[in-house]
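Below you'll find the structures, each written out as structure tokens.
After this come two complexes, each holding subunit A, first together with subunit B and then together with subunit C.
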Partner chain A sequence: MSLRDSLMYHLNVSLLGHGALRIQRIKAQMTMNRQGWWHHEHLNPPPVTSAWLKELISRHYLKGRWITGTQKVAWVTSGAPIEFLKALGYYLIYPENHGAVCGIRRVGDEKCKVAEHAGWSRDICSYARTDIGTILSGKTPVGKLPKPDLLVCCTNICQTVLYWYQVLAQQFKVPLILIDTPFLYSKAPEHALDFVEKQIQYAIETAEKVAGVSMEPKRLRHVTELSHDAVDLWNRIMHTGRARPAPFLAFDEFIHMAPIVEMRGDQATVDYYRALLAELEARIKNGTGALKEEKKRVLWDNLPIWFVVRKFGNLLASRGVALVASTYTNAWGELADLIDPHHPIESMAKCYIHPILNRGTGQKLQTMKTMIEDYEVDGVLLHSDRSCKPYSIGQMDQQSILLKQLGIPALLLEADHNDSRVLSWEQSENRLQAFFEVLGV
Partner chain B sequence: MSNKLPVAVGIDLGSAFTKVIALDEEGKVLQKIIEDTDPYTEKQAGRLLDGITGGEYHRVSIVATGYGRKLAKRSTRAVTEISCHAKGIFHEMGHGGTLIDIGGQDSKVIVISDTGAVLNFTMNDKCAAGTGRFLEVSANRLKIPIELMGKTALEAASEVKITSTCAVFAESEIVGLLAKGKPVDHIVRGLARSLVLRVAAMAHSLHPPKPFMLSGGVARSPAIRAFLAEALGQAVELPEEPQIIGALGAALMALDIHKGK
Partner chain C sequence: MSDPLNIPSRKEVLSDYQSSGQDFVAVYPIHYHRALLRAHDLMPVELWGPSQYSTTSADAHLQAYTCSVVRCGLSFALDGGLEKARAIIVPHSCDSLQGLGSVFLDFIQPKTPVLTLYVPRGRREMDVEFFARELMALDKSLAKITGKRPSEKMLHSFIDNEQKADSAMEAVLNNRIRIPMSNRQFYELMRTRQYVAAEKFEKLARDTLESMQQDNRTDCSHKLVISGLVPEPAELLSVMDDAGLTVVWDDTACIGRRIYPETDDADPYVRMARSILGAPPDSALGSSVEARLAHLLDLTRNKQAQGVVFWSVKFCEPELFYLPQLSRGLELAGIRTLLLEVDISEPASAQVQTRLEAFAESLT
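For the complex of A and B:
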């Protein structure tokens, strides 16, 4: 660690950055607490806690901007076990989350095009293209991404990450840890759990070498505890969507999920989610829904279409359709019970082998059926995501089974999570309007 | 044409044709118009509606549908083609089942319940291969009047397999086939088959209940009707005027509005 880097970090992040962001948050909260500040025809004002979210995310990326030379950096896939990295003091970058930021800011296409011009096929996942485009162009809406010292790739979300991270390893010339999670068609067999556990143990050794520090079991337990608490709170936040009217929509979850993905294991995440949950519970008590008038409730399947999240939200709101849940955000909450701080490595193996995308489509269908019942939904929106085949496979069958067995209509929407060139808004809107008519709104 | 003023009007502003139906209090058709959709659709909708209502909009309920539905500014309500087609075909045939509609720019499959409600639907996505546009492009390239394509296809002694499922690429494929000396009528038959297979695959994706019904301008082609029945393994029922089903459904919805339903 150089003295200059450390000084710059503390000056820009700890001293100036944190202060400025805190002031911004207080100002925003003061505005949000003022009567009459909110003017939307169909939506109630967002939770005041939202201002805190902005501070958290900005702080995270601000830290990344100045972190080089002060802390080791790991780039990880969204489903990778990270508790051991946090315990070893790594600062984490999630290229997928960064991709989502690019999508929301509508610069995803621009990054994809850079990657395509360099020879990457348009058929590759748009997160991967956004990431490669960001590296090649050096431009990002978050200012600057720190270079990694270590890469951690877990195959529990897809196989694309395997090749994507090999490319990153070649690009940055840093070690790549691969955690291979065998696909589950039913209950996880003992040998599969053992296989993943051994890989995590090996990963810890590699990460220790790169960081130059040894793992403190107490520290790992503490981080795992924080992870568990955050996941548990996130789960409870999502469950508030079961209330009628729902105080929080999946559109809100898409934005508020950032900390559970990239700041899991941090005390700040636990504190933030606790405050958000309290606010949502108060809204349930007051009968305040996210929509001014909730007529119908729907479930979302697959990744969000980041570049039109707001537009989509407004369209649904205008018809009184509340998107009360999503299988996507649910993925970061449904495994809370598997995390055991007293057996961090063993429970890590169990937890990270079970994400929705590492299980068969039958199990995904079961998850959807349970959610349909728990959230009392009237319909399902299935985003057939060109960039996420593992998530999209089986949706046609799921659509017909949901209708036949539960009488729940489902709409298949062809789009992409980050490449707006794939979405035809006029056609999609037309389908959605027809679907609303089927729902009777 | 009747001099009586309608109480309900349905206007279907499709990508190729605009269809208007006017109904009286009893639901009797007073007037029916089919004309090419104008690039200045808003003006066209205004002119048609002004004419049919005599400008007395306060006495008439109007439902607009089709891609240009938002451009019919004087309409009481805009409803999607899915709901309008379901309503129109159920009225015409008197039963549920699966409606296949092949229009100028899109094709759709709608599963309709015994009570006329839409249970499920699907539409072609970002591709014109299963639509009327596909036939238009091909007819243009082969220099055959589009209305004769069906007859030509049925009378052809043989069939060329059109492998392309893209309307644009099909055109280049046709050029290649012509260069190889393939007879035009064999190509035409292959094109009709190609369109039908595409639409039938879409229908099968919904596990469609029987019977099958067909609407849309393309239903006028006898080859499409015959090949579709072959692909689906059973006869396809046809309303008397398949092209106006959407407009009829819209008009019936307007009548419901008029009657306060």
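For the complex of A and C:
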């Protein structure tokens, strides 16, 4: 660590940055607490805690902008076990989360085109294209992404991440840790659990070497505890959607999930989710829903279509349709019980082999059925995401079973999570209007 | 060029199996160990498509952005093409084949048992250990179907046979430039490894080597390496013949990337696992770009190839991710590259043929 880097970091991040962001948050919260500040025909005001979220995310990326030379940086896949990296003091970047930021800011296409111009096919994942385009262009809406010292790729969300991280490894010439999680067509076999546990142990050894520090078991336990608490709180936040009217929608979850993906294992994440949960519980008590009038309730399947999240939300709200839950955000909460701070490595192996995307399509249908009951859902929207085959393959059968066996209206929408060129909004809107008619709104 | 070898077609072989009462297993791409099936007296018959097969039946289950190898393969099964197989094996090779295995097990549930096999993406000792246990689990599942419990000795004996066949395949590839066969015939021969017994393939390969010329062929104006998943539609091989392009090495997942090295572990499962994970660099085995590039550079140099044709199946992410960095590395070394993108459910388009012809001209 150089003295200059350290000084610049503390000046720009700890002193100026944090202060400025805190002032922004206080100002935003003051505005949100003022009567009559909110004007929307169909939606109630967002939780005041939202201003805190903005501060958290901005702080994270601000830190990244000045981190080089002060802390080791790891780029990790969104489903990877990160507790050991946090415990070793790594600063983490999640290219998928950054991809989502680009999608929301509607610069995803621009980044994809840079990657395509350099030879990457339009048929590969748009998150990967966004990331490669960001690296090649050096431009990002978050200011600057620090270069990695280490890459950590866990295949529990897809195999795509492995090819993507091989591209990154070639680009950055840094070590790549692979945590290969055998896909579970049914119950996890013992040898698969052993395999994942061994890989996590090996990953810790590699990460220790790169960081030049040794793991302190106490520190790992503490980070795992924080991780467990954050996941548990996230789960409870999502469960508030079971109330009628729902105080929080899946559209809100898409935005508020950033800390659970990106800052799991941080005290700030636990504090933030605790405050958000308290505010949502108060809303339930007051009978304040996210929609001014909730007529029907719908479940979402697959990744969001980032570049139209707001537009989509407004369209549903205009018909009184509340998107009360999503299988996607649920994935970061459903495994809370598997995290055991007293057995961090064994429990990591168990937890990280079990995400929804690493389980069979029949198991995903079962999750949907449970959520339909728990959230008293009237219909299901399945996003057939061209960029995410593991999530999308199986949806045609799932839709058919939902419709024919359960009598639940289910619509399959063709789109992409980050490439707006794939979506025909007019066609989708027409299909949604027909879906609303089936729902009777 | 004639066909003195009488290369048996897949249809003929399947017909022989059925008339002789020989049980067979349908195996989807890519990596598995044939010896394990042979020890259960099951003949593996691989399913790389079939090429130019209608995807209509699969379209009710799989989105159009799923690769055509998987869509054709599912259609073929749904249309009753695998009814006579004793089992269907779906190795976990990519997200699409993962989805296929899961859709089979969870929704389609065919009468024929469906078995899966997770192929690890690393080549560490722990990957070998895991894969050995995975092969052992597959052995147990096969035992439930066949009622057989192959001994270790029997497994070793079948592994020996497969190693001999792989070694013969490598020898044929190494001598390709002296074998008077068109690209089309050559690939017909090489692809018999996907459905004939190892012993039969070894004989075909040895017969081919006996018939080869003393010197290199003089009719090869341009030498090529092809890299990709599967060389379909096969008529493109004829286009290569007509354009004076000769394939001197194969780096496809169905042939060259499955020339497994010899292994001698005492435990037959470890031996099989180590052999598969010792295969040449392959996207489906999670190889690094660096390893794949070094391999292609070695091949092109050793075989004095002037170009590499990346023969890619549309929507095949494992292959598509590597292409820009591989192409750049090869071009920097003076090796010309061409990307052909095909949908194996369709015949080769005139556009693809024209690109191949133009590529041949550019090598002149």
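Just so it is clear, the second predicted complex is superposed on the first by the 441 of 441 C-alpha atoms of A that agree within 3 Å, B and C clash if a C-alpha of one lies under 4 Å from a C-alpha of the other, contacts with A are read in each partner's own complex, and residues count from 1 in each chain.
Keep in mind that, in the parts below, a contact is a pair of C-beta atoms (placed from the backbone, for glycine too) under 8 Å apart; a residue touches a chain by one contact, two chains touch by 3 or more.
Everything quoted here is computed from the prediction, not taken from an experiment.
Student: Output check: A:Leu403 vs subunit B and subunit C. Expected answer is one of first, second, both, neither. What do you get?
Tutor: A:Leu403 sits against subunit B, while subunit C stays out of touch.
Student: Who touches more of subunit A, subunit B or subunit C?
Tutor: Larger number of subunit A residues touched: C.
Student: In the overlay, answer first, second, both or neither for which of subunit B and subunit C A:Leu43 touches.
Tutor: neither
Student: I'd like to know which partner A:Met215 touches here: subunit B for first, subunit C for second, both or neither.
Tutor: It touches nothing on subunit B or subunit C.
Student: Which partner chains sit in contact with A:Ala188 here, subunit B, subunit C, both or neither? Use first/second/both/neither.
Tutor: Neither subunit B nor subunit C is touched by A:Ala188.
Student: Considering only touches as defined above, state whether A:Thr155 meets subunit B (first), subunit C (second), both or neither.
Tutor: A:Thr155 contacts subunit C only, not subunit B.
Student: With the two complexes superposed on chain A, say which partner A:Leu338 touches: subunit B (first), subunit C (second), both, or neither.
Tutor: neither
Student: Taking the stated contact definition, name every residue in subunit A that is touched by subunit B in one complex and by subunit C in the other, in rising order.
Tutor: 396, 414
Student: Under the definition above, what is the set of subunit B residues touching subunit A in their complex?
Tutor: Residues 67, 79-83, 106, 117-123, 125-126, 205-207.
Student: Touching residues of subunit A toward subunit B in the complex: what are they?
Tutor: 396, 399-400, 403-404, 409, 412, 414, 424, 426-427, 430-431, 433-434, 437-438
Student: Of all residues in subunit C, which touch subunit A in the complex?
Tutor: For this pair, the touching residues of subunit C are 60-63, 65-66, 92, 94-96, 98-103, 105-107, 116, 118, 120-122, 124, 126-127, 129-130, 133-134, 137, 283, 286-290, 314-315, 317-318, 320-325, 327-328.
Student: For the complex, which residues does subunit A have touching subunit C?
Tutor: Contact set of subunit A toward subunit C: 118-121, 123-125, 128, 155, 158-160, 162-164, 166-167, 169-170, 176, 178, 180, 182-183, 185-186, 189, 191-192, 194-195, 198-199, 202, 360-363, 365, 384, 386, 389-390, 392-397, 401, 414.
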